[in-house]
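Take a look at the structure set out below.
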Amino acid sequence: MTHWLIAPILIPLLGGILQVVMGYAPISLRRTLALTITVISLASSIVLLVLASDDSYRIYAFGNWQPPFGIVLVLDRLAALMLALTGILGLFCHIYASGGADEGNRQFHALFLFQLMGLNIAFLTGDLFNLFVAFEVLLIASYGLLMHGGGTARTVPGLHYVALNLVGSALFLIGVGMIYSVTGTLNMADLAVKIPQVTGNNLNLVKAGGMMLLVVFGLKAAILPLCFWLPKAYARATAPVAALFAVMTKVGIYAIVRVFLLIFGEGAGELANLGMDWLFPLALITLSMGVIGALGADSLKTLVAWQVIISVGTLLAPIALGSVAGLSAALFYLVSTTWTVAALFLVSELVASQRGLAGDSIVTAPKMRHQTLLSVLFFIGAVAAAGLPPLSGFFGKLLILQSVEPGVEMAWLWGVLLVGSFLTLIAYSRAGSIVFWWHVDGHVETPEPINNRVSISTGILTCLTMLIVVLAGPVSDYTRATAEQLHDNRGYINILQTPVHVPQNPLVGESH
Amino acid sequence: MSQFAEYAISALLLFGGAFTLVGAIGLARLPDFYTRLHGPTKATTVGVGAIMLSSVIYFSSVDQGIDFSEILITVFLFMTAPVSANMLAKAAMHIGVKTVKDTEGNPWHQ
Amino acid sequence: MFDRLNFPQPWLSWVLFLTWQILSDGVTGGSVVLGLILAWIIPQLTHGFWPERPGFKKPWRMPAYILRVLKDIVIASFSVAWLILSPRSPRPVFISYPLKLEHPLAISILASTISLTPGTVSADISDDNKTLLIHALDAASDQEVINDIYNSYEKPLMEMFQ
Amino acid sequence: MITIALYLTIGMVTLAALLNVYRLIKGPDEPDRVLAIDTLYINAIALIILLGITLGTRMYLESALLIAVMGFVSTVAMAKYLKRGSVIE
Amino acid sequence: MSLPLVVLLPFLGAIAAPFFAQGGRTAIAIASSVPALVALAALFPHWSVLAAGGTVLDSYEWLPILGLSFSFRLDGLALLFALLILVIGLLVIIYAHYYLKAHENVAKFYSLLLCFKGSMLGIVLSGNLLLMLIFWELTSLTSFLLISFWTHKQDARRGARMALAVTGGGGLALMAGILIIGNIVGSFELDDVLAAGDQIKAHAWYPVALTLILLGAFTKSAQFPFHFWLPHAMQAPTPVSAYLHSATMVKAGIFLMARLYPALAGTEQWFYMVSFTGMATLLLGAYIAMFKHDLKGLLAYSTVSHLGLITLLLGMGTQLAAVAAIFHVINHATFKASLFMAAGIIDHETGTRDMRRINGLWRYMPHTATLAMVAAASMAGVPLLNGFLSKEMFFAESLQLNLTGLWAWVPPIVATLAGVFAVAYSARFIHDVFFNGKPVDLPKFPPHEPPRYMKFPVEILVFACVMVGVFPTISVGPLLYSAASATLGGNVPDYQLAVVHGFNLPLLMSFMAFLGGLLMYSQRERFFNFHARFKEVDGKAVFENLVSKFVNQANQFTGWLENGSLQRYAILLVVSVIAVTAYPLATNGFHIGENGLSTIDWPTGIAACVLMVCALATVVWHRERFYALVLLSVVGLIVALTFARFSAPDLAMTQLSVEVVTIVLLMLALYYMPSWTPMESSRTQRIRDILIALAVGTGMTVITLAMLTQPFSSISDFFLENSKPGGGGTNVVNVILVDFRGFDTLGEITVLAIAALGIYAMLKNVALTPPPGDGLGHAWTRDHYPLMLRQIARPMLPLALMVSAYIFLRGHNMPGGGFIAGLITSVALILQYIASGMIWTQDRISFRYHNVIGLGLLFATIAGAGSLAFGYPFLTTAFGYINWPVVGKFEVASALVFDLGVYMAVIGATLLALVSIGRLSPHSAIKSKQEGV
Amino acid sequence: MELLFALVIGALTASGVYLLLRARTFPVIMGLTLLSYGVNLFLFASGRLATGQQPVIGTSANYTDPLPQALVLTAIVIGFAMTAFLVVLSLRNLADNNNDHVDGKREKAPPSSKQEREVTGK
């Protein structure tokens, strides 16, 4: 058992604790420490990525209790991919934030690190209830981050976000309760073993429980009709926070992939492919709604927030169809879209910072400073987001289109995705040309100069899309192997057989 | 269990139950807030105290050891009940709840 | 916080020690040791929260007082029960009781006693701690109640505290 | 005998609780309601103790202790809210 | 390696160009020429292979899963287009050097131009259809940026967006088509696709694929009905128009059709779709060109028309027609590029492009006029110029179509008619600009010849027109043959490139077109008047209106759905749950499991009834907030009793303590809020909500009933067995919390900690005005801290700490534990705050709650991490029994340290949260100001 | 007993959902609290109902399932943290927007009490 598995959790946890305790230390010191922690955490995620690429499953049994009894972390390709994705995203968001957005309250870095911790737990855990706990950790941190910074605009969306997620948590618990009440276990591998054996009236109980989980994950992923909390909440959050949130919907998608493929996958007997017939049409409707929202957006951040929803629909449609190729394509797209959307949030914030009262609204305003840099970054982001070549979004969409087997689903997916891309293109070109090209005479703002941390982190995050293009081969190989690994859940189930030490204690004294 | 213990327990239980009930009847029946305040502060507290005592005796007579934890709770209740009553009376005076007509004297103006 | 190795509030330590023994599963070596530790450490932590000294002059009179109050409580209960259950409607009265006690703790104890005993509830204490407002459930006259309280409770308390 | 007494007592306490709820709903003023819930807390202590005797276990004693503490604090807080609005100030 | 180099060099040049900008305009122009020169040099050695009918292939793996490779392929067709792109590109650079004004962003211009050039080369040299698609869309993007180069012009921005929408959208169709082709063939490699023509054409999906691919081609090549974007793209600087909109980008669609000719052409569908589209475009473009007063507008529509001509030729499906098409690609590129450049010169020198103002320029710039006139003559199809040759071939082919009956007349008539228009607008270009009286009101007057070398590119191109026109075989013969061979897959028909093929029907058609055209031009006023009857539609405005309409409707639709109401979102969520679970639950019905029902004892029954009544009462009286709060706390109390009743002492205690803290918290908040909620929802709304609530309630009842009555076994036997021997405690729930599932607990206290930190942060600098009195009109009472309460609060703290210690220490073996202990301590401290106030209490607390939280988390983490030192996983507990004199045997367990962490975290978090709210109260605020706290 | 328990959970969730759908923060918070009571009881019930079988080794002959109890304990704590956050967020909302609506409306502040309502005749 390698202790590396716990690194991406423990490191941010300790870093967060340190931040809590040193609340009154100078901000530069806290910044440096927090960034160091993020870097180390990312490094550990990379180690896990390397470890996972040998196609084996690694488990970490907390408290030395053998699964299914104790909580285990399970490292497979998917988990490692999500960790690395989040780690990289987190690092650049964090650097951006350290350019000044972290000021205002002393809790920012603690919340940020706890957020990373929650995300990392969610990706690693092999226990259904622990997944709930992970969700709560990342949610509560996200609430805090969402409310970070001044202004009154984010309160109402924040309220909606929190309240709905509270309902979501309640549903999660009900779902877990229903599943536990039939199977008597919480370990995901064990559930994968027990669910196919469910019979009779219990089937409906598990089915309803599973569907409830799907709704919960759907809420996190922002599937229609559960997506309306997102645009305003994201659009009004501080940029690095909104950028980090780009991965939050992906947690919902991750959970759907993890839980439904493993537990309600093809081998789940009567419960096989539970909910997927709901998911596919919903994904397409989500995609369409996202496009309509993007088209009607009145500010850059709102546009990007709807882009988040577009990508959710785009991701879930092939996942719902259940093929290895589709899943692989979705994972490829997921990497691309997460970073791209995050970068666009950062760019939008920079634009807003240069335009005074006009902010990031899609209206004409006097010329802004740093026009060239910002417009280039926005252009790159928009091209990647709209799925135009030569950037990574294009490859993701191409892979998704190609993954569908001929049939009715193909017609729908192709139609919606292509028309959606076309309208997204119009939305971005409209927004970009109004904001960057169309100037009215007037007072040119003289904002604070953009500092290096901010511009460099935005620049790199934006250009990661190019890196994906260059490494398209290896990345797609990895996602392909991930999809294959996910589709054969025997490997995951085998973790139950991992010879963990006998449940005993290093220091057991006499037992009474 | 000794016969005496059994009698004592039963008696205490019935006493306690009866007083708890009387306190509640008072709360339900008495005409204004201030009169209702009397029931719980005294009768109910005493009633619960008796039930606690019966519990002490019960467990002492079935188990080997003696455990007075219930007494602690009772003491606590006796200590706090007047304070609760005081606070509630102050709140009632603040709000100016109605008193029965033939009440002599007046609550203070808060 | 642990600037002293002594017991800042010895009587509190005693109470705590005894409480611990009651809570513990029988008095054992372990419970005594732990009780001592807690009896020392907790007052250290909390003595700031109890700034006034209790001001007992004759604390040994307390048990007798408590016993008397207990007796009164039981009797009081019966009379209140009777009042509650009887069809006659009670004649409540608000009484302003002139306090002679000065120590806040003593006043509190008196007020509590009044609340626990026959037909009276301490409704309020005046801002200057000179007057106690008592609500009597069924009283013939103010003065009777005042005298009764003074003789039964305030006087013994004054002896204890002054 | 104890069993019968126990059942009778439980019955009386339950009835008492019902009467408290009656007062709680009837009011008419907020202090009445708080008084009712305060009494309900004390009844709950009695019920817990009686449950313990019925089951022959002391496992629930601490729950009773907690109800006493929490009931008190809750009553005090509510009373303070009624007269000061601000519970902690 | 040379082929990828050819494509990539311009991109490298684009990156490098801005660095040369400092060296001045000449430096950057020279630097920008380098890639093309190198590319030409790199292509030259391959000629021998191509001339022999071979192909050159250079392939690297890229995204094998997708079938995308970095593969480049050079054959005759590719070479022809590559040469056009490179050579005309070079000329455009020279031209642009003189064209652009000093203040303009030259670096950006050349960078974009080079990017475009690279993309264009990519299209023609791609050996993989997906790779080609990438470059295809890149040309859309780069041309978008080039058209909008003058971003301050509204027309430029709009034209660019329209061009992007049309060509980018077409690209998406092309993408779909290519994917289908790849699906049919099983490969995207061009070699494979070209070899699989029969397979493709026989496939059921061929019509779909063909339609999609043609959509791509037609949009790019401005074919009817997608032609409208091209004239508006003329808002670009003229070098861009000359390059993109005559020679290269618009030819990409043509190239695509030629490229895939072996794979797709030769079917009826191809014939009808391509030739009719071409015909329509040919006529329409030629007709409109006639009436354009804008020089570039005329050229643009003429381009549309010529693109239609080439498309028509390709659509005819005969081999000779294909050859003619390719020949005309060359010819059109040369004369149209030179014409655009000439138009740019005129614009440059006169300051306008309006032919109604530009007259008689022959007097002012004879040299330019000569060049323009030759090129225009070529456009009109005057003999001895290259335009004539391919047009003759076109006329000839139009006569060869095997259409039945009267239909056979259509192509030649259309061709001749188009020829008439072509002659007419060419005549107009010559006569109306260089003769026709005197200039009217020119912004720059008098115009004169442009700088010497600005004319150089035009000269070259015009020279080429003449050379090809006079010596077709020598000048373009081999290249054309090679390209035609590549297009047709090696089956090149016999054809002759002669200046005159004798007197035949095509020549007659040319003659008629010539006469007709001149006649038409001479009668132009009538035609203008006729045309003026039709209202001119501004495509940009239409497009712009369409987009704004779309945007507005999308905005309204979104706003209507996303109306900012939590009620709406919550209903959606709840109804979703009902929807997805209704079916499984309905199947189950009111199901009672095998275990059946157990009897109800009536105290429990009554308690349950009270709970339900109070829950419903909370709903009924929710508008009187305090009352509802009291009812709510009754519910909480009975829930706690329920836990106790059903064997969960730990839960009962936790529920009780949490409940109180929650109620206090709610009251703290309620202080600032209205104490009363007005009736806001309508009757319908309430009925709807009641129905939803009932559905949820029924569902939960059914689920619970089914669940509770089903037999069950769980992993918990393991916990019961191992709790004592493995976890060292007899309270299994506690052992689960601190050991078996200690990680959950760590997460849980982290949540608590974060919540408190978040609350603290959220309330910093928040100003809330508390009401001066309760809602009933009473001012608040004076006494903040009543005497009796203060007196009882004093002993409560030590006693509560004692009880906490007790609950804490026994937790591992008996109901209790760090969490409950923490809450007891917290509640005792809260009592101090209530009784004695913020300031008094805070003065006596010498630590920051932040630090308590931090330490708590740290303890828990360290307790967990301790085992790492012994090689055991995180959170592995250790315990042992120690026998000391006097004290006796007692247990030491690392889990206790963990629980201590929990204890501290709970205290810190609870108090930080409550105190943060308490701090808002004006009393503490004023006091803390006075006392400097 | 099972039916009774089921009805209790049904009543709690139904009340919770109804309040969740109200237009102001405070009822919503109360609704969520009621909902979480129902959910906690439900999760607790997934280990089935048992009388006097508290999972403390040595205090009983049989033990009820301890795991759901541990889960509910975690859920209670997390629920508390979340509720507290929501409460404070609604305070912040009150401070920022000067009303406690969550239904997207922003009309004039409502009468804050019964009495005021009576006075203004609303």
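Per-chain residue numbering starts at 1, and chain names A, B, C, D, E and F are given in the order in which the chains are listed.
Note that in this section contacts are C-beta pairs under 8 Å (C-beta built on N, C-alpha and C of every residue); 3 or more make two chains touch, one makes a residue touch a chain.
Since the model is a prediction, treat every value here as computed from it, not as a measurement.
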Among the other chains, which touch chain B and chain C together? E
Counting C-beta pairs in contact for B-D and for D-F, the higher total belongs to B-D
Which integer distance in Å separates the CA centroid of chain A from that of chain E? 17
What is the distance, in whole Å, between the centres of chain D and chain E, each centre taken as the mean of its C-alpha atoms? 61
Centroid from C-alpha atoms only, then distance chain C to chain D, rounded to Å. What do you get? 22
Where in chain D do residues touch two or more of the other chains? 10-11, 17-18, 30, 34, 56, 59, 65, 69, 76, 80, 82-83
Could you pull out the residues of chain E that touch at least 2 other chains? 564, 566, 568, 570, 574, 645, 649, 670, 700, 703, 707, 712, 714-716, 719, 724, 740-741, 744, 748, 751, 754-755, 758, 762, 771, 774, 776, 780-783, 786, 788-789, 792, 803, 814-815, 917
What residues in chain F touch two or more of the other chains? 20, 25, 28, 40, 42, 45-48, 51-52, 54, 56, 59, 67, 71, 74, 78, 81-83, 85, 89-90, 92, 102
Chain pairs satisfying touch are A-E, A-F, B-C, B-D, B-E, C-E, D-E, D-F, E-F
Going by the contact rule at the top, pick out the chain E residues touching chain C in the complex. 782-783, 786-788, 790-795, 797-799, 801-803, 805-806, 809, 832, 841, 844, 846, 885-888, 890
Touching residues of chain F toward chain D in the complex: what are they? 51-52, 54, 56, 59-60
Okay, in this complex, where on chain F does chain A touch? 20, 25, 28, 32, 35-36, 39-40, 42-43, 45-48, 67-68, 71, 74-75, 78-79, 81-83, 85-86, 89-90, 92-93, 96-97, 102
Contact residues on chain D for chain B in the complex? 1-2, 4-6, 8-13, 15-20, 22-23, 29-32, 34-36, 38-39, 42-43, 45-46, 49-50, 52-53, 56, 58, 61, 64-65, 68-69, 72, 75-76, 79-80, 82-83
In the complex formed with chain F, which residues of chain A make contact? 129, 133, 136, 139-140, 143-144, 147, 152, 155-156, 158-160, 162-163, 165-167, 169-170, 173-174, 176-178, 180-181, 186
